[in-house]
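One chain, chain A, appears in both complexes that follow, with chain B as partner in the first and chain C in the second.
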Partner chain A sequence: MTVAAPEANLGILPKSDGSATFKYGGYTVTASVNGPIEAARRDEHPYKAHVDVIVRPAAGAGGTRERHLESLLESSLSQIILVKDFPRCLIQIVLQVESVPANDYVNTKLVQAGINLPIIPALVQTAVLALLSACVPMATTAAAAVIAVVPAGGSTKAVVDPSQRELETAVSSHAFVFTAHGQLLLAESQGDFTMAEWEDAHATANKICCEAAKKDGMEMILDDEKQAGPDLQAFLRSTLEAKVTEDLQWR
Partner chain B sequence: MPREAEPSLNEKQFVLQALKDNLRQDGRDLDAYRPLDLTFGDEYGHADVKLGKTRVLAKASAEVTVPYTDRPLDGIFTIAAELSPMTSPSFEVGRPTEIEVLLSRLLEKTVRRSGALDTESLCLVAGQKCWSVRVDVHVLSHDGNLIDAACFAVVAALRHFRKPDTSMEAGVLTVYTPAEREPVPLGWLHSPFCVTFSFFGDEGEISVLDATWLEEQVRVGSCTISLNRHGEICQIAKLGGTPVEAVALIQCTQLALTAVRSFTEYLDQKLTEDAKRRDKGGLLAELSAENDR
Partner chain C sequence: MAAAASPIVLPGDAIDPSLIPTSNKKRPLRLGPGLRHVPPDTLQSTVAGELITDPKKNTMYIEYNSRRYIASPNDLVIGQIHHSSADLYYVTLNPHAPQALLPHLSFESATKKTRPQLDRGQAVYARVAMANKHMDPELECVSQQTGKSEGLGPLSGGTVFAVSLGLARRLMLPRPREDGGVAVLDLLAEEEGLVFETAVGRNGRVWVGSESVRTVVVVGRALAEVDERGAGFGEEAQRKLVRKLVRETKA
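So, the complex of A and B:
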């Protein structure tokens, strides 16, 4: 199955410091970033900024699943935001899920228990775009991918950007977040898998998220080197370049 | 959390003086709406409404559940309007502000209590199974007149929404997935819309339609009228503020009716456009298993 190319819009909300909408693989997420702002007394930290992530589902009230996603994102994003530059401040990131991919073969239930791995890349990607739009100083940017390990005739194979049906049949699924320098920022896995399968999934994800950064400066891409998914670092860069050109244009 | 900054004295004076001279910051007439824009999402029941810089997203969803014991023949219909810090950092999660309480209350009165959605049609098995329809209102940005935008979004989302088709055979209830049978629309009876007037001046003699956030902060009172295109009034809310002449209020209802008629027309047009977009091969009519009411 081919997935449409990612789409992003920056600075769409007039009232917040920074905002972004990111649309990819059936997921649409809008994020707003406010910060650094005054922190509530209980969140105040004497020598670093508190990163507050709020994930709001499209339908239904947020529950344990959203709290879990929030804690994952909070710890990952605190690593790349230069939190020590803003003591006693708050950087607030609100992620509003607008739509999730529909599965025509199942009727969805509102309250779903369990972890929601496939949404992590969309949330991370949107958060990073919104942070960039809000000009929050960061050590590096991040790119994320989800890999499903599906059974294929006796053995298994890693599938990038799996569809809802592939996720159902997958023996395990993995979400990876990498920094622009290729360092692993977050790895979440679900299901049964061997170390070799994990290594394979990790390598595939690394290729999508970081290959462009390594290739920087090379003039040509060989044809046999087929990309498994969209080049996320390049996408991030081109989105921001487009935004900056638009903003700097006089009249 | 930081408090929202209030407009300065100069700003307030400027807005008021301009309104006394029949002028508004954005050059609109006193009884004109900002440009309204409605977009439907890829799935059913997803409405994105932009009214100037105010942006509201409404998402309708349905699931099968057990009806309330005191109303065994009715389905469940809820509207959830929670303002997130995305609207403004002064809002906190789980701590409703006055704006939020008023918004949910008005939406409840306008859409739910006016019987816009036929809740009896949501019943599947009396006392055992029914549909629970839920609309989530997400406010993405607030630049005044949240109530009108949110109400329009809720009505648009519900009218656009399709719930899975069901059948009853020998006491067995089957809920079909979208792959098996085309989902069916909700039993919709009428479309009420909210129209909010803001009053300015010492006696509240200047009435303004569709106030921006700055104007809302300066106004001396407001009145929300909910009605449908037939001119049937569902509710009028004038919560405190400066008293307003009765004659002025009657004039307001007249203005509200014309506004609601244009809303209805716009929504109908958008719904037909969307239906045309979805009905690519002209096969949707054949796929539907819905009976005529």
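So, the complex of A and C:
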């Protein structure tokens, strides 16, 4: 299956400190970031900023699934935002899911019900772009990918950016978030899998998320092996370079 | 004026040692906004922007445009009185952020008996006297050295407009038209003959005062438009905009 290249737009909301829309693999997510702002008394922490993530589904009101995603994102994003620079503050990230990929095989009205993993990369990517747009100080950037292990004639193979159908038939699926330095930030898996399969999925995801970071040091590799997915670091960099160049044209 | 080869950096990028100015041995290296020192000897950026180095002053910082102001000492800001306590005014610099403190005695020739009476909502032009991540910022409207106001104090009449922090900094340059590429104020005054005064705060606030309400509106709209069009909005385009605005508002 071919997936269109990721698309992003920064600073689309006029009133928030930072915002971004990210479109990839059938998902469209818009995020707004406000911060550092005053935290509610109960969220206040004397030594660090509280990162508040709110996920709103494409249809209906959020439920347990959204709360779960929020808690995953909150803990991963607190790791990359320099929270200790803003004690007693709040950094608020609102993620509105605008569209999710349709399953061509099942006729369903209920878009909400389903597994959580495949949406994590889109949410993380959008949140990171919006944080960059808001110029919230961060230790590093992050990129995310989802890998499905699908049965293929007796054995299994890892599929990057699986379609809804592949996710349904997959033995297991894994979501990974990596920092730009190649450190693992979040790993969520579901289904039955062996350690070898997990290692394989991890290696594939690492390649997609951190390729550009490593390329800098080495001599140019002339596409001798086919890239499994989009180079997310290069995508992030080119998006931000476009934004910065536009902002600083007066110089 | 294009800054020669100032690299664009993303959060977490290590600054190449060759970019660090070394010519001036007398002064210690000073790091400005957007940079942090990771012990023992790494310099990292924390925001996406352009790395600017000044070998003469031995300083480095990241130039970027954002909307949320983070107070730092000696910045000139425009705040709004929120409320007053026994000996302090609480001043809003940013929406939803903790208020800054302005002592009643931090005005020119203020004593316990004669202190300025400022109402809620009054705009003040002040300098950030102390900014510290663990405390609310403190302001002053008087120079500590000379005891004079030096242009600081309440801003009466006129209107405060919000702009992006990047535009505010451009307006605060000694020559905004030549160095910052913002010509609208000069054009409005010189070519259209409007009479007005302005004060620019680093927190992204511009105060415009004039006898005529029409002038205030025209200036505010011109600034908002320049901010919205981005940094690539050249002087000729600004001249067209000024003419259009003046024509539209003619009674």
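The criterion applied here is as follows: the second predicted complex is superposed on the first by the 239 of 251 C-alpha atoms of A that agree within 3 Å, B and C clash if a C-alpha of one lies under 4 Å from a C-alpha of the other, contacts with A are read in each partner's own complex, and residues count from 1 in each chain.
Methods note: a residue touches a chain if its C-beta (ideal position, glycine included) is under 8 Å from a C-beta of that chain, and two chains touch if they have at least 3 such contacts.
On a predicted model such as this, the values are computed, not experimentally measured, just so you know.
Novice: Thinking of the overlay built on chain A, is A:184 touched by chain B (first), by chain C (second), by both, or by neither?
Specialist: neither
Novice: So in the superposed three-chain picture, is A:138 touching just chain B, just chain C, both, or none of them (first/second/both/neither)?
Specialist: After superposing on A, A:138 lies in contact with chain C but is clear of chain B.
Novice: Specify the partner with more touching residues on chain A, choosing between chain B and chain C.
Specialist: Of chain B and chain C, C contacts more residues of chain A.
Novice: Have a look at where A:32 lands relative to chain B and chain C in the superposition and call it first, second, both or neither.
Specialist: first
Novice: First (chain B), second (chain C), both or neither: which does A:99 touch?
Specialist: A:99 sits against chain B, while chain C stays out of touch.
Novice: Is A:18 in contact with chain B, with chain C, with both, or with neither (first, second, both, neither)?
Specialist: It touches chain C, and chain B stays clear.
Novice: Does the superposition put A:234 against chain B (first), chain C (second), both, or neither?
Specialist: A:234: touches no partner chain.
Novice: Answer with first, second, both or neither: which of chain B and chain C does A:59 touch in the superposed model?
Specialist: first
Novice: Once the complexes are superposed, what residues of chain A are shared between the chain B interface and the chain C interface?
Specialist: In the superposed arrangement, which is not itself an observed complex, chain A uses residues 16, 34, 37-38 for both chain B and chain C.
Novice: Chain B touches which residues of chain A in the complex?
Specialist: It comes out as residues 13-16, 28, 30, 32, 34, 37-38, 40, 54, 56, 58-61, 92, 94, 96, 98-99, 102, 104-110.
Novice: List the residues on chain C that touch chain A in their complex, please.
Specialist: On the chain C side, the touching residues are 1-3, 8, 10-12, 34, 36, 44, 46-50, 63-68, 70, 94-98, 133-134, 166, 170, 180-182, 230-232.
Novice: List the residues on chain B that touch chain A in their complex, please.
Specialist: 1-2, 41-43, 46, 48, 53, 55, 57, 59-61, 63, 80, 82, 84-89, 93, 134, 136, 138, 140-143, 164, 175, 177-179
Novice: Would you tell me which residues of chain A are touching chain C in their complex?
Specialist: Residues in contact with chain C: 16-18, 34-38, 80, 82, 85-88, 132, 134-141, 179-181, 236-237, 240-241, 243-251.
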